[in-house]
Each structure stands twice: as structure tokens, then as C-alpha cells.
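The first chain written gets the first letter, and so on, giving A, B, C and D; residue counts start at 1 in each chain.
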């Protein structure tokens, strides 16, 4: 196995001694932007924006909850899209993107449920209610966890990807059907009592929400790139192990030609 | 194509006829759960009666998971997967055949369970056209989704535990729709049962199509 | 001479293990080729790769004119594999198993009946469920399933294992008959004497590679020659 | 607009703090895990195959 790398790439970084991590100039810039946005978000969200007339300071939880929830759905959608592309193109990059998006989706999904319940307790006086949006969000989280579970248990590289991509492909359609049916189910019993979010947010509060979305989006993108590279590295390690295994296998063949009776365990 | 579907369905049903897993294990399990619900929800307070449609479909869903799991394990025997891949059967035909066999078993089970809730829960059985249509649609939906997902976990050591985790959340809309339709059939007010039945039909169509398209890739995986 | 199997530097994976590590193999139409080698050498994987059941990830792999690396499905209807797993449904009888796999492979009812007859499964064993068969009887049933489909390429993994002497003679006769009818046979066996007697060529496999010059030496007797039963003893071209 | 007033005047501060700390904490922990995984794997892969560096 040779470690020869592309000369054009190494020249630029020659003296910098390429560090062994998943960062690059692009992610550093993105990371700094994300940090700046995070700082702004904290200032706007916790300090500069006024409390809501009805919700009081609890509105500040929404500056976390809403961006995180949107990113959760974005992660799930991205998983489905990447799975579809993998099934069509079979290029390993799409597979890596699907894992990365799904794992980020699970993290942001957990946060969505967590911040949602924390907001729900003082607002509705309960951590959980059988609202359509809550129920379908929880189900999506379970589906994503199942997706990752399948990825983890299958030992063969390509088999695991095929299984997982079909599961990933079904993910978003499932969410749509689940959401649609749950929405209809709840609207029978109570006329949408808990979905008052939109009307009262304006002015500085709207700015805070927007800054939150920008900051969340930047963090998500930065993290996605890093997680994607981790998945990519996993594929590379697998490939290198494979090369080594092929070499070892051939060597075993050369050795045992002399004595064909040798029986490797 | 349809000849192959019939061939595979016939094989699965014949295996069921010989091994009697559905009749000797799944059906008694379903009845047992119905009885356990009666212990958990006091029959005298009327809770049981109002919850009957939901309980009925929960039992069908769990039994369906067992039936689907069994249907998948039939093909886990040594060398069968290879033989299936070599056989020249279209993957979609294998999928439809297996799903059809599960549908046949579940329909019989549902008939038994309808009788059981009528007797044990004193359910006000009525609205038979709606009930029949819902049963048909929901059974196709459960079987198609189940066979597709059991193909997804085929060959894994943890397939029996993973299958319910993947399958049950996906089937939530079927549970909701079929339950509402039954409530309407049993005479509850203000529920448009036929529309709920339509939702279940839509779900069934989506999963039959998805299964036909995806099963080939799963057999390879 | 038309090549039925043409492998060049083929790499095939079992999970993450390269069971075939760049193998070369050519088999001409009408040949009977014995794969020999220690356990774990890659014989089984080679046979399965020829059937398009194991993904070939590198090199050239053509079987019956189909590229099994690109499209492993194309060749499957035309090959028959007798693997380690019987591929039988335990709850079905012998006849039901053979009929199911036969009909799945578009075999006529007559082919199914003939296959059962040729393997001596049309008597008492016919209606015995597969779960109750002995190892040798299971093997014969699997072989009947293969036979009913009339494949062009026979891939037999240890066809003699677990069988009594009479059944082994039966297998050898079936192989010769198939070749006489234009099929090609690749098989592995540990029964060295019997297997080399049956084979036109021996290929030694170790460590996932073949150790012969991969060009098929023209067999001393042209392949369509030998009549069933009159086995020509052919020296193996082991490197 | 006085910053201090709003911070002090939080009536449901506990919930807000829990939400923000939980969010930042969980994402932070995930960031650390991901970066560490990346470092560990990077060492096993030759430079040329890390296309970004």
C-alpha cells in the first residue's frame, strides 16, 4: 500500500504538516461564522429581544425550539434525498451523506422533543400533549433511530447501504403520511388549540428567531460537513483494510502452494 | 408474473398448512391479548366498550407483526435465499406472493377476532360494508409493509427484535385510520369512516408499489 | 472454443473478507472442472461468484457471456448451484420442494418428474417432508431441484459429501450425462480419487487465487466426447 | 434597551435556562464526539485520501 498523495494538494500544505482531523479551511471559515452567529443569537435571544406579551420570557425557548425543529426535518429530508441519489448513482459520497444527515437528524430530533416539552410544561402545564405536530415529530425520531439501528447491525458494507437506503427512501414519505393522518386524527377532537406560534412574533422577536435560524443552519452545515468526512474516513479505512486483507490473502496463497495440505483455520 | 405470485403464495400457505404457526400460535396469542385487555380495562366501567375498535386493531397489528416475522423466517433456511435469487422469479412476484399469503392468514384471523370482540367485549357489531372494506384495506397495508420490512431485516441476527421497532411506527396511520373507521361502523357520531378507510387504502397502495420496486434490491443485499 | 467462465484478476468479497483475491479462471464449454484446495481457499466463493451470488468488486468476471460484475442477475436463470445449504423448505415434502423450484425456473412437469426419478426420489421418499431427510437424501433432493431446471452451467459444491457409494455413482453419471447434452460443470470435492476420475481438468485454489495457467488446455479428448459411464481418465494440469 | 433588566426580569428563567443549556450542551457534546471520531480515523488514513486537507 502506498501513501503517495496528490502532489498538487501537498505542495500548498507542504510546510503546514497536514493535521489529522476532519477540518479544512472551508470548515474553519464556516465554523467562525457559526460562532459569530451563535454569539448574536445568544445576545438577541436572551438579552436584546423583549419578552412576549402573552408568553413572557418563555418565548425565548422558541428561538431554540423552532430552528432546531426545522433542522430536524431538514436532516430527515436530506437522508431521504441522499438515499435516493445513492440508489441511482451508487457513489459512496451519497451513502456517507445519508448517514451524516440521519445522525444529525436524531440529535436535533432529540433536542426538538426536549425543548418542546420544556416549553410545553409552563405553557400548557404538561410536558406532552397529543398534538399532531408533536406526535408525528416523535414518530419521525423513532423512524430515524430505526434507520441508524439497521445501519449499525449489518456487517457487510454494500448490503448495509442497500438496506439502509431503502429505509431512508421510505423515511420522508412515511413522515408525510403519518403527519397527515395524525393531523386529521387530532382535528376531530380539538380544534387546533396549541398551534399558536405565528401571529404574535414580530419586531425584535422576529429578528431573534431569524438569527436563531441562521445560527442553527450554520452549525448544522458545519457539523454535517464534519460528520460527512467521518463517514468518508470510515469508508476509506474499510477500503484500506480490504487492500491489506487482499494482500494477506494472496500471500497465504503463495505460501501454501508449496504444501497444499496446509489448512488455514 | 401472476403465475409466479400464485406459486409463491401457494408455497407459503402450504407451509403454513403444514407447520400451523398461525393457527396454533398467532391466533391463540391474539385471543389471549384480547382477554388481557379486559383485565387491564375494567369491563364494567364502559372503558372497554368505547376502546374496542382501538384494542381490536392493536391486537391485529401485533398478530400481524408475528405473522410477517414468521413469513420472513420461512426464507431464512439454509440456502433458500440463494435458491430464490437463482430461481428466476421476479422479485416483485416474490413480494406480492408473500404478501398475499399473509393477507389470507390475517383475514381469517380478523374474522375470528371480530367474533371474539362481539362475544367477549359485547361490541355493537354493525356497518358491515365499512368493516369489510376497512379490514381488506388494512390487511393489505399491514401485509405489504410487513413483508417489505421483513425483507429489510432478513439475514440479520437481530431480525426478530428489529422488525417491530421498524414496522410499528410506520403502521401508525393504519392503526389510526382503521380504528376511526371501525368506530364509525360501530355507530360513533361525527366520524367519517369511509374517508378514514380511504386513507388506509391510500397507504396500502403506496406500500404495495414501494414493495414491488424495492424488494429486488433487498434480496440482493 | 467458447468460454463459459472467464475470470481475470477477479476480487470477490464475503462481507469485508476478500474470499477471492484476484483469481484467473477460464472454463470452456463442455468441460468438467474440479476445484481443489484446502478449506477456506475460496472454492465455495468462486462457485457462488460464477452464479452471480457474490459481488465481484474488481477485475473481469464473465459467465455464459454475461458480465456478472455489472449485472449479476442476468446469468442466474441459466446456472444451477448445489451449495452447502440445501435450499429446501423443511415443512414441504421432497416432491413439493422439487416442484416449487422447478416451476419457479420454468420447468415442465415432465422435467420435474424426470428429475425425481433420476435421483431415486419417486418412491417412498417422495412424500417425506424435507425436515426428516438424512444429509445424503437432502443433497439428492437439492440436486433434483437443480436438474429440473436444466441449467447450462452446473456449479456443484462438494456434491459427493454425505452420500453413499451408490448415490455418488449416480451423481457422476448425471454429471456426464449433462455434459453430453451440452452443459458445463465446475465442482469442488475432497473425494480426490473419485473427483479426479470425473474431471477433465483440475484447478488448484489457495488463498483466493488459482494456481494453474488460466488458459484452458485442450483436454486430450474433446469435451463433447465421453459417453455416460465410459469415463476417460484425464491427467490434471496442476501447475 | 437595557440588557440587564430583561435578564433579571425572567419569570420562567428556569425553563428557559434548561432549554438553552440542554440544546447547547447536547449539540456541544455531539460536536466533541464527532471531532474526536474524525481525529481517530484520520490517523489511519493516508493524507492523499483526505481530500479536504
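Some observations on this one:
In the analysis below, a residue touches a chain if its C-beta (ideal position, glycine included) is under 8 Å from a C-beta of that chain, and two chains touch if they have at least 3 such contacts.
Note that this is a predicted model, so its numbers are computed, not measured.
Among the other chains, the CA centroid farthest from that of chain B is the one of D. No other two chains have as many C-beta pairs in contact as A-D. Chain centres here are Cα averages; for chain C and chain D they lie 58 Å apart. Chain A and chain C have CA centres that are 47 Å apart.
Per-chain Cα centroids separate chain A from chain D by 14 Å. The geometric centre of chain A is 32 Å away from that of chain B, both derived from CA atoms.
Counting only residues that touch two or more partner chains, chain B has 220. Contact with two or more other chains is made by residues 158 of chain A.
For chain C, the set of residues that touch two or more other chains is empty. Against chain B, the residues of chain A that register as touching in their complex are 87, 139, 142-143, 145-146, 149-150, 153-154, 158-160, 162-163, 166-167, 169-170, 173-174, 177-178, 180-182, 184-185, 188. Put simply, chain A touches chain D in their complex at residues 1, 3-6, 9-10, 13, 18-24, 26-27, 45-51, 56-58, 60-61, 64-65, 68, 107, 110-111, 114-115, 118-119, 121-122, 219, 223, 226-227, 229-230, 232-234, 236-237, 240. For chain D in complex with chain A, the residues that touch the partner chain are 1, 3, 6-7, 9-13, 15-16, 18-20, 22-23, 26-27, 30-31, 34-35, 37-39, 41-53. The touching residues of chain A, counted against chain C in their complex, run 155-158, 238, 241-242, 245-247, 249-257, 260-265. Every residue of chain C that touches chain A in the complex is listed here, in rising order: 11, 13, 15-19, 21-22, 36-41, 55, 204, 206-209, 211.
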